[in-house]
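One chain, subunit A, appears in both complexes that follow, with subunit B as partner in the first and subunit C in the second.
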Partner chain A sequence: MLKINNLNVYIGKRHLVKDASMQINSGELHVLMGKNGSGKSTFANAIMGLPGYDVKGSILLDGEDITGMGIDARARRGLFLSFQNPVEIDEIKNSLFVRQAMKACGIAQELSEFKLSFINNLAKAGLDESFYSRSVNSGFSGGEKKKNELAQMLMLNPKYAILDEIDSGLDINSVKNAASIITSQVKKGMGVLLITHNPLISEFLNPDMVHIFSNGSIAKQGGKELIALIKGEGYDL
Partner chain B sequence: MIGYYFGDTGFVSQNGDSVKIVVPGNTNAVITLKLMYSGSVSVKLGSCSKLILSSLCQFIDSNQNVKYDCVAGEGSVFVHTANIQNSVQSHVAINNKLSNNCNSTLNIIAAHCKNAWLDVRSELCIKTSNKLNLLVLPENGSSINANLTHAHAGFSSLSQIDCAGIVDGASCKIDSMISVKEHARDAISSFRCRLININNSNISVVPALSIHNRDSDVKHDVSVQDIKDDALSYIQSRGVPRHEAAELFKNGVVQRMINKMGDAFGY
Partner chain C sequence: MLDKSVAEEISERKKEPEWMLKLRLNALRRFNEMKMPEWPVPNLAEIRFDEINYYTPQSVKSSSWEKVPEYMRAIYEKMGIPAAERELLVGGSIAQYQSESIYEKIMKDWERKGVIFMSLDRALSEHPKLVRKYFSNAVKIDDNKFSALHYAVWSGGSFLYVPKGVKVGVPMQIYFYMKSKNEGQFEHTLIIADEGSSVHYIEGCSAPLYDKSSLHSAVVEVFAHNNSHVRYTTIQNWSRNVYNMNTKRALVHDNALVEWVGASLGSKVSMLYPCSVLLGRGAKSSSFSITLAPKGTVKEGGAKMIHLASNTKSIILSKSISLEGGHSVYRGLVKIGKGATNSSCNVKCDSVLIGDDAKTDTYPYSDIQESDHVQFSHEAKTGRISEHVLSYMRSRGIRESDAITMYINGFIKPVLEQIPLEYAIELNRFIQIELEDVDNVEN
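What follows is the complex of A and B.
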């Protein structure tokens, strides 16, 4: 279980996330929605432990308090963040990066097995074989970066994945494909928090819970019916 | 003169003061050269020939000076990879004279050097192409000083200088000069330098252009930066510890340049 208790996140004096609590069990899909700038990504980044945030409250991963841990330690315990804006790293090849990540996470694969598996997962995410040897996200389009994040998630197979706007920059076919990958991973037992401001992807998903973020707080929680409400009335519920 | 090479393939190990390599016209040659002392290397490449020269400068003593004088004949292909390793207070000078229609690539790697000076000068004639790839890896209080000159003397000549490196608690000074003479019309040249500054290194990169022809296309592009924090955080977010993430990044810089140098052998 990924349990977030009364999370407060600050940058300097700005109070960006206020008393947010959430509990994601294995094999559950949660959707977090909200307007642009409502604090969704800050919430995701703080859970992952990205630098630059002052965090109060607690984050428990399968009962272990990870609040004070570094980013890499959280990842090795099975937490994954798909970035809203994945960084371009010209200096490192995609394959080398993912292989190193797998080694760090204790997933051992022979090179030939790894290559086959990564190319296969790139294809599942909608990317061709050339992305195996390209530099990490370098020169990728917005949609290709998101697909690469999905391929990395498939390779690392984390216990819990936070997908920050995985649907942005994707065409409708790719959105459907991303939804299908998420559904399949959830069925296999992955706990997923999908962050989006666009209700479209949710049409292809069957979330266990929907959370609406407003001004840094969880303003509403409910089932899939909340998404229909947002589609009709926007975020001013 | 202690070595005189005339033929196609071989290994020359220096144990005196000078080496002379002659490749006749219309001949392909692959030569490996090991330099351990001060001295001079003379390379003469005949017209329409091809020479792949790998030279390892691994000096036994400090304060060693080596000078290469290379003359490439018309229509020849010359690939020279100079690996300067573990040098202490050494000075390596390379002078390339490239005749018309020559295609030349010079790869230089300077690693584990405790203070090294490097002077490279290439003169380009008509329709000559010359690439210089330089990888510098000074660390722990050492220094590398490089002077790189490309002089365009003939029309439609093409030159490219690409430098990369990691300067880790060390000093690195790179001065480049691209000069285009008045009659060298349609010359194309670029100087690109990407250095990673770690542990408060001292880095100076000065790209100088001296252009005397209005048809030339000459540019420079220099960046000196630390390893970006957002890149490290991204790598860490996949479980890789920060120090390993930094190593991965540094290895990537080296590998990228080595790959580029490897491409040079594809002639």
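What follows is the complex of A and C.
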């Protein structure tokens, strides 16, 4: 279980996330929705341990307190973040990057096996073979970057994945495809927190729980019906 | 004490011809007259010329490793020199220990084809005419203060002659080792590629660490005749107390190609700017370099490309890495002289800083006198490994130190690809060690 207890996140004096709590079990899909600027990404980044935030509260991964751990240590314990804006790294090839990541996470594969499975997962995410040897995200379109995040998730097979706006920049077919990847991973036991401000992707998903963020707090929690409500009335519930 | 007697003693012991002694004495006079370089390199004033041992002759001379004493052989074994020979990866090897070579060998195949590869001292007595014809023709005695010192006290180095049309398919290697404190090493390299020939020369350098500084001041002269191809690879891994000031110059004739590939890792202060003078129509040259500046070092690197004929082309690619407390400098000169029409030069220098106190500077000089179909570009990029990049890599489980290493490996890859695999692996290992040091300091 990924358990977030009373998380408070600050940048300097700004209090961006207020007392947010959440429990994501293995094999569960949670959707976190909210307006732009409501603190969703800050929440995700703080869980991953990205620098620049002061964090209070606690984060437990399968019972282990990871609140004070470095980013890489969290990742090695099975946490994954799909970035809203993945960086471009001209100096490193995509394949090498993913291979090293798998090595670090203790799931290294033989090169030939790795190559097959990465190309296969790139294809699942909607990217052709050329993305295997291109530099990490370098010159990728917004949509291609999101697909590459999904392919990395498939390779690393984390216990818990936070997908920050995995749907933005994707066309409708790709959104559907992303949804089907998420569904199948959840079925296999991955716990997923999907962050979005667009209800569209939810139409292709069957979340166990929906959380609505407003001004850095969880304003509402419920089932899939909340999405229909937002579609009808917007975020000012 | 540095005076006439030093030059005279060297010359006498080597039984040199009269002209060489005269040249040495003339060079010493010029050295005493010339000022220190004015470049903003600190601490050059710290060099105590009077305390340096200019000449440490060796009694061992062999063409068989079995006859080289174990303690010496071990050093070269560590560098893979005999192994490269056993595996036939090279066409010949020279191992220099302090001021003189202790081992010289050229493979029979190449010797039969007329290739000459031996220490320059030996060439001076065995091939006096050839040496006299070329010696000090590319790098003039008073090119700079350190070249003047070099000519006064030079010893060792190598002589490589490749006859017309002979293409040497495997590299010729030489390895320099400095042993004691306050030591000076002043080897001289002459490479002559006759018309239509080709050769790859690789040199490696190292020294153990002492509390007193040592000085390495080599001169390299390359003569690339029409349609020839010379590649000069140098991997300098001096210890952190060595002042490394070399002067390297190639004269490139019609349609010839000279490639400089360099990695400058160790030393306290380095000044390395290989220079190609493109004398003949269609001459080409490139310089690819990696400079690593760890804590407490100043590493100047760069290249000079002087275009003096039409249809000449040159490329400079410099990659420098400054670690915490290190300072790397790119210093380059591009000259396109009158009459060098249809010529082009592209310069690209990238530097990356790791740690708060790392520094880098770029001093590109250009002197473009011709405008007819002349193209010149200079591109410089300086960056840190951004926190975003590191966070992203770490978010996939990669430890910070591994992330930095991976990034640096990618950064230097374009140059590393120019170096033969066995050497590239070795080079990578050295860089890894430096990066690990940084990591240890941080933790």
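We take it that the second predicted complex is superposed on the first by the 237 of 237 C-alpha atoms of A that agree within 3 Å, B and C clash if a C-alpha of one lies under 4 Å from a C-alpha of the other, contacts with A are read in each partner's own complex, and residues count from 1 in each chain.
Following the convention adopted for this analysis, contacts are C-beta pairs under 8 Å (C-beta built on N, C-alpha and C of every residue); 3 or more make two chains touch, one makes a residue touch a chain.
Small disclaimer: the values here were computed from a predicted structure and weren't measured.
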Quiz item: When the two structures are superposed on subunit A, do subunit B and subunit C clash or fit side by side?
Solution: clash
Exercise. Answer with first, second, both or neither: which of subunit B and subunit C does A:Y10 touch in the superposed model?
Key: neither
Quiz item: After lining up the shared chain so the two structures overlap, which partner does A:L50 touch, if you call subunit B first and subunit C second: first, second, both or neither?
Solution: both
Exercise. Return first, second, both or neither, reflecting whether A:C105 touches subunit B, subunit C, both chains, or no partner chain.
Key: both
Quiz item: For A:Y235, is the partner it touches subunit B (first), subunit C (second), both, or none of the two (neither)?
Solution: neither
Practice problem: Report for A:P86: first if it touches subunit B alone, second if subunit C alone, otherwise both or neither. | Solution: both
Quiz item: What is the contact status of A:F204 with respect to subunit B (first) and subunit C (second): first, second, both, or neither?
Solution: neither
Quiz prompt | Stretch of subunit C penetrating subunit B in the combined three-chain arrangement, among 19-27, 73-81, 235-243 or 433-441 | solution = 235-243
Quiz prompt | Shared subunit A surface residues [contacts with subunit B and with subunit C] | solution = 48, 50-51, 70-72, 75-76, 80-81, 83, 86-87, 89-93, 96-98, 100-101, 104-105, 152, 156
Quiz item: Of all residues in subunit C, which touch subunit A in the complex?
Solution: 386-389, 391-400, 402-403, 406-407, 410-411, 413
Quiz item: What residues of subunit A sit close enough to touch subunit B in their complex?
Solution: 48, 50-51, 70-72, 75-76, 80-81, 83, 86-87, 89-93, 96-98, 100-101, 104-105, 136, 152, 156
Practice problem: Going by the contact rule at the top, pick out the subunit A residues touching subunit C in the complex. | Solution: 48, 50-51, 70-72, 75-76, 80-81, 83, 86-87, 89-93, 96-98, 100-101, 104-105, 152, 156
Exercise. Going by the contact rule at the top, pick out the subunit B residues touching subunit A in the complex.
Key: 228-231, 233-242, 244-245, 248-249, 252-253, 255-256
